[in-house]
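Scroll down for the structure; my scribbles are underneath it.
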Amino acid sequence: MARLRHIAVLASGGDSPGMNAATRAVVRTAIAGGAQITGIMRGYSGLVAGEFRALDARSVSNVIQTGGTILKTSRCEEFLRPEGRAKAAARLRDAGIEGLIAIGGDGTFRGLHALASEHGVAVIGVPGTIDNDVFGTDATIGFDTAANTALESIDKIRDTAASHDRIFFIEVMGRRCGALALAVGVAGGAEVILVPEVPVDLASVCGVLEEGRRRGKTSYIIVVAEGAYEGGAQAVAQAVKDRLGISYRVSVIGHIQRGGSPTAFDRTLATRLGRAAVDAILGGETDRMVGVTCGEVALVPLPDTWEKKKPVDLDLLKLTTIMSS
Amino acid sequence: MARLRHIAVLASGGDSPGMNAATRAVVRTAIAGGAQITGIMRGYSGLVAGEFRALDARSVSNVIQTGGTILKTSRCEEFLRPEGRAKAAARLRDAGIEGLIAIGGDGTFRGLHALASEHGVAVIGVPGTIDNDVFGTDATIGFDTAANTALESIDKIRDTAASHDRIFFIEVMGRRCGALALAVGVAGGAEVILVPEVPVDLASVCGVLEEGRRRGKTSYIIVVAEGAYEGGAQAVAQAVKDRLGISYRVSVIGHIQRGGSPTAFDRTLATRLGRAAVDAILGGETDRMVGVTCGEVALVPLPDTWEKKKPVDLDLLKLTTIMSS
Amino acid sequence: MARLRHIAVLASGGDSPGMNAATRAVVRTAIAGGAQITGIMRGYSGLVAGEFRALDARSVSNVIQTGGTILKTSRCEEFLRPEGRAKAAARLRDAGIEGLIAIGGDGTFRGLHALASEHGVAVIGVPGTIDNDVFGTDATIGFDTAANTALESIDKIRDTAASHDRIFFIEVMGRRCGALALAVGVAGGAEVILVPEVPVDLASVCGVLEEGRRRGKTSYIIVVAEGAYEGGAQAVAQAVKDRLGISYRVSVIGHIQRGGSPTAFDRTLATRLGRAAVDAILGGETDRMVGVTCGEVALVPLPDTWEKKKPVDLDLLKLTTIMSS
Amino acid sequence: MARLRHIAVLASGGDSPGMNAATRAVVRTAIAGGAQITGIMRGYSGLVAGEFRALDARSVSNVIQTGGTILKTSRCEEFLRPEGRAKAAARLRDAGIEGLIAIGGDGTFRGLHALASEHGVAVIGVPGTIDNDVFGTDATIGFDTAANTALESIDKIRDTAASHDRIFFIEVMGRRCGALALAVGVAGGAEVILVPEVPVDLASVCGVLEEGRRRGKTSYIIVVAEGAYEGGAQAVAQAVKDRLGISYRVSVIGHIQRGGSPTAFDRTLATRLGRAAVDAILGGETDRMVGVTCGEVALVPLPDTWEKKKPVDLDLLKLTTIMSS
């Protein structure tokens, strides 16, 4: 098979810090590898619409430290349908683009796989999402930054919690995955962490609060993944109040978790994976995600990334119990 | 009048970054001035209940950089009634405490003034609140830190807003005062700032968005002080949507605005005002707040601090209009 | 006099955080005022060489939060000589530029004044320097950010100083002005602050250390403005060691003080002054600096900015003595 | 063997962020495991001198987010000699302490191993050092924080480098190990990274600069591990200047790399390893370090930690070459 001469890169789904570092790595590795590189704006929407932009090494100067994505991103209904993907494939063909690298999460990878299966486009996925819920990679680009952002917020809230002797329910992102809640809960010294993987046991939460009250403990941090309980942190706080009659505060950390300058870890991860994606696609691979496992870059079949369930480290819940004693 | 030999310090109301720096300054200035210094825990609640703690120079080591308050704080119903204040005065008398320094906002100062008026306790107030809504001082302790905390959040949200071409309504603290919203709105490059001092003109907000759309502008930051509109940012966003049919995101920055390590400005302000409070009370002053005006420390009658209205700089709204053009 | 129709903006001297916010304000105010605006690259070097770039509102999108200067800056030998300035004036004339706004410190303003005097160019200066040593304005753009950056470093170093029971001499910027050292020294809880405005009294520094040793104090932070002592922090540390035989560590905070995202204060200041500069020059003013005094924008004759000495608040030294007791 | 009933914990060598999180985990796990826990102040110095302090769960409240070490640390000459260690063993025996957990780097572990070998004390090491140069663990506590601290400095310096078109040589910690330089060099977008593991090739460094000049590149970041070149960044900068005659700036990031609030990663790592250390020692293990390999906690014979060489990922140098193209 002839080596590809022209590839494209896009970002899709929710933005995550480090997407620009990954884009930079894709662009510069492509150029160093003698390939032409095109940026596709606004994810699959821009792919279907043909919003293409030629990129060179300077296009990605001074972006390694930035959050968001210079390629912009979106969620695209049209691409979910075969006709949308057919249009996209035609756009690539018309532009002479032989391979596509997409940075995003499992939704992005489903689309990518369908495009490859239906139209024979060479594709490689790069895991960029703050949720760290993608099978086949120990870490996704943006997770470490989001964890540190959420942690800084928890540290700030603890100032107030301790000063006012208050119970705080803090909601962090994670609709189906508790990885972020676990990471920041342990690191933030939370007394309780609630995750989607484990049904919330209100009696046990109340037990922790009552036991603490007996020992004279006056302030608490309870970290709640948004998907841990129907209605999120607000609902679980109210349910606890209904049982114990205590007052509480709720803080939803929200969108700031997606933004900000990426951490050292995320920038290095993004740079390594961006390069690996180009090496893979130029080397003839397709329908794979580049991930990192035990420090080594690995290629994973795209369907594995959403069909297989990435385990979260539930031992961290036990650790939390010991630490809050 | 004989110089006071024993004074006390407390924090009251919502905590603000720099309260510990102020407490440290009060303690060390008192000691340097030959006076005994007692800490009162949990604000007026602890005063009524007699939760006193002897302080020395080491008690306030390594706290200048911390958020929250080592003295803890609360809101106290009992102190709002004359009997509560009588109890408080008795507590002070019994402990041999001749003067009281209270760090807080206008609610704190009302209580302080009542205590002085009714029981002849020498009192000095120190303005510590993130709202910067206290007449008689250019700045309150904690405002600068809160502004920078909110600004960092806005910077992070802008990453996402720009990447997704979205309109964000961001709610910052400020129930009756738009100072924080104005500070972070201008600094955050917001297109619109809504404050309690100016009735929200929905038509004008919609006009800015429509005018921008015509010029191809795709992302917006609208900063909303929580008291600018009934229902806050969520309500104003919905009202705009009802008119224009556009989609939007809301982010409520919330409690993190109260916490965190104080800025250089807040630490220096707190240190200066804490010292000035002790100098004033030991020098025979009472019923005053220490403030800073044009860089100089000034004493202000306590009632002025809530009876007179501190103006906000509404010219910053005009500045916003020019900048978002 | 007819209103100017075409003005230019440049940055000169050491970069400071907020220069971009000021540039943005200049550009957008000019456009809102109906004037054409040109950016001059690399300060006076670019002016002499004719490195001009047309600017519009989009040229300054997304820069309010950035450090450094998008206009680039330099120090220019040629502009110090009359021939250089003649060349510069000709460049402006040839491009149809009727007024020049320069962002920088006193060196920048001397050049600006000479250009105005010799060639009748309308000029306005905007104070952008981390040193805060410019007469006629309470604050210069970048000073607040630099203070917070240096303070974060001091906070980190204190972790180590306290853990190892060490004496740290920390050098901050300030060759002729102690404003930064005073700000971060007080805010950083330093035991001693050395500034250029007060001759270093080694016996007194040693006295503080020996007195502390008697009281069991084991770690110290001594903040040294680079110009406070010949040879900086390293030299003063060695001199103290020669007297007391104690060991110490030195940390020179260095260039990081110039960079980073500007604080809320600096961004608002920059935005206000940038706008005021354009209002002034379009309104017919020249040979002035825009400054802020007690919160109000004021125009100051350029020669005043370097001929008159801005006082530093030496009372902060007394405050330091009280606080370290 | 009977389960241990009383253990102790100390920190030794250079402090690193996360030591307090590890100490907290040791204390709380010990208590949860029914063992008595004693803190030894000032590392091996305090061990020899008998500076012991009883710890309970509250002793480690509110320290998870702090830098430095509440146990203090030192380097101890006496402990390097057999008599010193004999004294230490006697101190432990006299206090009824049956096991010792030490947090530090390879120097700490050598002492720990000698103590175990010579006196039969049960010992476990916890890797806490910003250098990440300990064999047997993928990460040491503090490395991730130090990398992010150094990276923030590099980001700030780049503002100035880009604004002034300058070449910056930035020195980061790492006398014998380039891990930190590699991590921040890649993440900071450095054009060149110099590490102790690879002899510095001045001709090649000059080649990169000259090649860049040809392409119009005007600013550079060169990251230098302190041990990469005799004399550090200053010396290598001078050597480059001697060859090319270009001007440059040097920034030594220095002691701030040791301090600061630990990152989410470091806090979680510290918590996991602190708990694992107690589980190991109470479970009868000795002469081991607890490390983490591929996400799993592992026990490593102490001598391995310094006898075996931990490889650094030199492929990151190649990555740097591709990225700076």
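Order of writing sets the chain letters: A, B, C and D. Residues in each chain are counted from 1.
Keep this in mind: contacts are C-beta pairs under 8 Å (C-beta built on N, C-alpha and C of every residue); 3 or more make two chains touch, one makes a residue touch a chain.
Given the structure is predicted, the values throughout are model-derived calculations rather than measurements.
Steps from chain B to chain D, minimised over paths through touching chains, total 2.
Seen from the C-alpha centroid of chain A, the farthest chain centroid is that of C.
Centre to centre, using the average C-alpha position, chain A and chain B are separated by 36 Å. Centroids built from CA atoms put chain D at 29 Å from chain A.
Centre-to-centre separation of chain A and chain C, using mean CA positions: 40 Å. The multi-chain contact residues of chain C, meaning those touching 2 or more other chains, are 155, 158, 162. In this structure, the chains touch in the following pairs: A-B, A-D, B-C, C-D.
Residue ranges of chain A in contact with chain B, taken from their complex: 11, 14-15, 17, 42, 66-69, 72-74, 149, 152-153, 155-160, 162-165, 168, 249, 251-256, 258-260. Of all residues in chain A, those touching chain D in their complex are 21, 24-25, 28-29, 31-32, 57, 62, 64-65, 138, 144, 147-148, 150-151, 155, 158, 162, 183-184, 186-189, 261, 263-265, 267-268, 271-272, 275, 293-295, 313, 316, 319, 322-323, 325.
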